[in-house]
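Below are two complexes that have chain A in common, paired first with chain B and then with chain C.
Moving on, here comes the complex of A and B:
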């Protein structure tokens, strides 16, 4: 496995002067590779390390040129491949031929910045609404979104017979079985799915653009609103990136309190999806039990942060609220209650015959496909790919806390749900450890309102998988560019892959195993 | 004079009114059980323990606006729910709730076939109700109902014949009055019958016609107001009918230890207690399993339940011929 130094020296020996390597910028190093070289650099990295995957892609507006950043994950170090294209002729070679997982990332950059990826074109809008005019790219600096004139909405796509026996069924954007607006055009041959095409962006709120006109402090609360369920993760993603530029001395106690907030969040999110999966397969009892036991965890979140859902606990320089010594026994007793119930739930998800009938051998994603599509979180770990940001790039106090990384090799819905089931138990262990070893001291330090020029990435293990933030600052109190890549965005390709060749009746249980959150994906 | 008694029997006890309230009561029992198992809370306002809640729900639905979407087949859409309900209640009248059937004390020979046919017709009417509602979810939901009951009716009929063979009669009255209830003589058939009944009543793990994540409301999607109330009531009567059928065929109907002079009181009580036991078993199964996929439901029928029912029938016939009859057990 290629280590940090290997990868840089490998690329240097291979490409020499043609690329520039900036160590320490946006990950372990940034690699400036213009003139189509980004494709070859990525190909080289994939050949050197099988775990290489595209975590996210950021588009940037430099005035005369447009920047395209490929944020690349390898087994351990984290790289950013930077390319620039002139605004007048924004054409760049696509990397989907060597890494299919890049497809939706590139489409998003096309939609928002107008960069044309040769080899990855898409008809119509991917994240923008249907009535958004062509040729207006909202995230470019010279576009004022309030002054854009919308065009009439095109007619709705109808359920059309495709070729021969194949029928195209449109699921969404408004569909009683979907909890959030998204559209899947499913082509079926009888009962068998042959093709799935997604369309997202129905609740695109332009949060990335909005962050550019707000201060860093305001942005923390704004990015928390990306997702209701995993809001502490979003707060930390933004704060983590900003702190990498600001470099404040975050107190030890705050680093543990952040871990507690993030793990409580994971706990309630996992319990939510484990119950919701039960509802999707008509197992109401499981749904009721999990959601009943999720309630005390919500109470703990209220106890520690002051609010059931939006705690707004994490801030630049530390946390905003402390856990007192009297609260710890209360928290531990609630956690112990839940721990006592785990063996029973584990038994249900491992052995219950009807659950096995509905989840075993459904939606199988092989390890190779998981790597190729760069899926993240429980989906990847359910396919035998051992990526967990908490282990790979330990952040906050995770490096000091012992815990197991859960990996199931099966790759089916059952494996994904059991990864979550086991992670609930690991979360309890982490919380216990963190509460026992809580250091004393202050919980935050004061930081400057303005952030010096710089750029940083922060990725963390949110409940649904790796959450990625990129922040570029320009010396003022407002960021120049904030890029958010939510876990569901990275996991959609896996659903498109696994649904094919299976019965249309398997779609609900396969879909829910992603723990999808489309409102976050749309941002 | 004799006519007045007959009218009382049809309209009040053990006929229409009694069946209606028994249905609502069973609905309440089901809700209570489900709430206890699943740790849920429910409304406790209407009557002690919320016992009147099903009635309140029914009355509430009757008062709601009745919407008929454009494009529905009006006649079928309007009458199918009510006719289905009436047929189910009519079929119930043949079961000896107080030791005798409602219409004539002894029924007639072969009425077992008639009431099973009624149940099938009622199911078919429900299918038509969904089919007429001009809604894709209604259509798919009712197509699922049709596929399911066409498949599961066959093992149900075969298994219903088990007690008939044991007694040597197709009369419900004679089967219920057998000295040895079928559950003792053929317990395997009882287990199979309960499983088949779960599928017939579209309860978990066989409730694919009601899978919200796939077909939304199923055949009920377009129904509102009084028609929806009758659809719900039909389903509830079906549950009671199915359970009453089990009681009649396998559990000895209204039989039990009698006190001379109190038969008129004890017989319905025994019947209802046995019925509640079946309702509880059925509801328990519903809560502890997940829903199967539609293809698994159908494979389960044709590959497992149907062969099992045939084997069960063969075993029964063999036992009756070579074991029970020589020992004079059963008849």
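Moving on, here comes the complex of A and C:
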């Protein structure tokens, strides 16, 4: 496994003066590789380290040129490969041929910035709505997208027989199995799925653009509303990136309180999807049981943050609310109640025949494919890839808290759900440890309202997998660019692959095993 | 006959949930209504997957450009009389996303709304309260005659 020093010296010996490497903090480095070299640099990194994957791609507008940043994950540190293309002729070589997981990232940059990736062209819109005019790219700085006049147009596609025996079935945007509006066109031959085409963008609200016209403090509340389920993770992602530029001295107690907020969130999110999976396979008892036991956790979130869903606990410089000594025994007794129920639930997910019939050997994603598509979170860990940001790049107090990284080698729906089941127990352990070892002291420091010029990335393990934030500041109190790469966005390609060749009846259970969240995907 | 119809509607309203670009906050709270702690089925409220069988449309979200047409279509498919409840700050007015390039801002920009439930997200109790108020508006409870002293 290549360490960070190896990678930098390897690239230097290979490319020499043609690329510029600027080492950053804690092992990160940015690599300026223009004139098509980004492709070769990435190929070299993939050859050197099998865990290399594209975490996110950020488009930027520098005025005369457009920037494309490839945020690359290796076994440990982060690298950013930077490339620039002239705005007049924004063409760049696609990296899909060496890393298929980059496909969606490139399409998104095409749609929002107008960069053409040679080798991965796309006809139509990817995240923008169908009626969005061609040639207008909302995230470019010289475009005021609110001035664009749109008239809602009817959707074009209908249920039509495809060639021969093949039939196209459209799932969504309003469908009983989907809580959110999103469309999947599934082509079937008999009952076997031969093709799945997604159409995302039904929940695209333009959050990345609107962060640029709000202050950092307002942005925390805005980015939390990317997702109503994993909102503390989004708040931390943004705050973490801003704090890497501002460098405030975050108090020790706040670092533990943040872990408590993030783990309570993971607990309720995992219970939610473990129940929801039951609903999707027609096992409603499981759904009712898990959601019944999720409610006490929601009460704890309300107790610690002040609200059931949007607590807005995490802020730049610390947290906004403390946990008092009287609250700790109450929190612990609720957690203990849940711990007592775990063996029963574990038995359901391990052995129950209904679960095994619908989940075992369904939607198998091999380890190689998981790495190639750079999937994250429980999907990757269910396929035997041991990536967990909490272990790989410990943030906040995670480096001091002992916990196990859960990995199942099977790669099927059953493995992914059992990863979550085991993580519920690990979350309880982390919470117990954090509550026992809560340091004393202040919970927040004052920070400046304006952020100096700089750029930073922050990645963290949200309930659905690695969540990635990129913040570029320009010295004012508003950010220049905020990029959000959410876990579901990274995981959808794996569904498109695993659904093929299986029965159409397996689509719900396969799909729910991603724990899909489209409000995250579309932003 | 009309009385019987109103009675049936109020005693067992079938609701359809449509997400027009919400962040999942309100949506999860609606699903939580069906679970043991809140259990709205005790009021006869049933979550119904098809618009053709629904009496009440619960809409969440700020109505994105891409969803607007579909929201209208779902509304048109519902049989008369139909009621629309806008749940959450986004559905009421666009909320934090008002003025963004891809959102219309509020359900009432596309279809008529009968009741608004504000909150980000509204608590499950607030949603129950809103729906029960809507039912009372459809069929006002009979006032008991004041007993003269």
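Everything that follows uses one rule, which is that the second predicted complex is superposed on the first by the 516 of 523 C-alpha atoms of A that agree within 3 Å, B and C clash if a C-alpha of one lies under 4 Å from a C-alpha of the other, contacts with A are read in each partner's own complex, and residues count from 1 in each chain.
Note that in this section a residue touches a chain if its C-beta (ideal position, glycine included) is under 8 Å from a C-beta of that chain, and two chains touch if they have at least 3 such contacts.
Since we're looking at a predicted model, the values are computed, not measured.
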Original post:
Thinking of the overlay built on chain A, is A:503 touched by chain B (first), by chain C (second), by both, or by neither?
Top reply: first
Original post:
In the superposed arrangement, which partner chain does A:180 touch: chain B (first), chain C (second), both, or neither?
Top reply: second
Original post:
Is A:68 in contact with chain B, with chain C, with both, or with neither (first, second, both, neither)?
Top reply: neither
Subject >> Which partner reaches more residues of chain A (counting touched residues only), chain B or chain C >> reply: C
Original post:
Regarding the shared-chain residue A:308, is it in contact with chain B (first), chain C (second), both, or neither?
Top reply: second
Original post:
Just chain B (first), just chain C (second), both, or neither: which does A:355 touch?
Top reply: first
Original post:
If you stack the two complexes on chain A, which partner ends up touching A:292: first (chain B), second (chain C), both, or neither?
Top reply: both
Original post:
Does the superposition put A:201 against chain B (first), chain C (second), both, or neither?
Top reply: second
**OP:** Go through the superposed model and pick first if A:424 touches only chain B, second if only chain C, both, or neither.
**Re:** neither
**OP:** In the overlay, answer first, second, both or neither for which of chain B and chain C A:81 touches.
**Re:** neither
Subject >> Residues of chain A that lie at the interface with chain B and also at the interface with chain C >> reply: 176, 288, 292
Subject >> Residues of chain B touching chain A in the complex >> reply: 37-40, 137, 204-205, 207, 211-214, 216, 287-296
**OP:** Would you pull the chain A residues touching chain C in the complex into a rising list?
**Re:** 128-132, 138, 145-146, 148, 150, 152-155, 173-176, 179-181, 201-207, 209-210, 221-222, 225-229, 231, 272, 287-288, 291-292, 294-295, 298, 308-310, 517, 519
**OP:** Over in the complex, which chain A residues touch chain B? Could you list them?
**Re:** 176-177, 191, 278-286, 288-289, 292, 352-355, 357-358, 503, 505-506, 508
Original post:
Any idea which chain C residues touch chain A in the complex?
Top reply: 17-29, 31-32, 35-37, 49-51, 61-62, 64-70, 72, 74, 95-97, 99-103, 120-121, 123
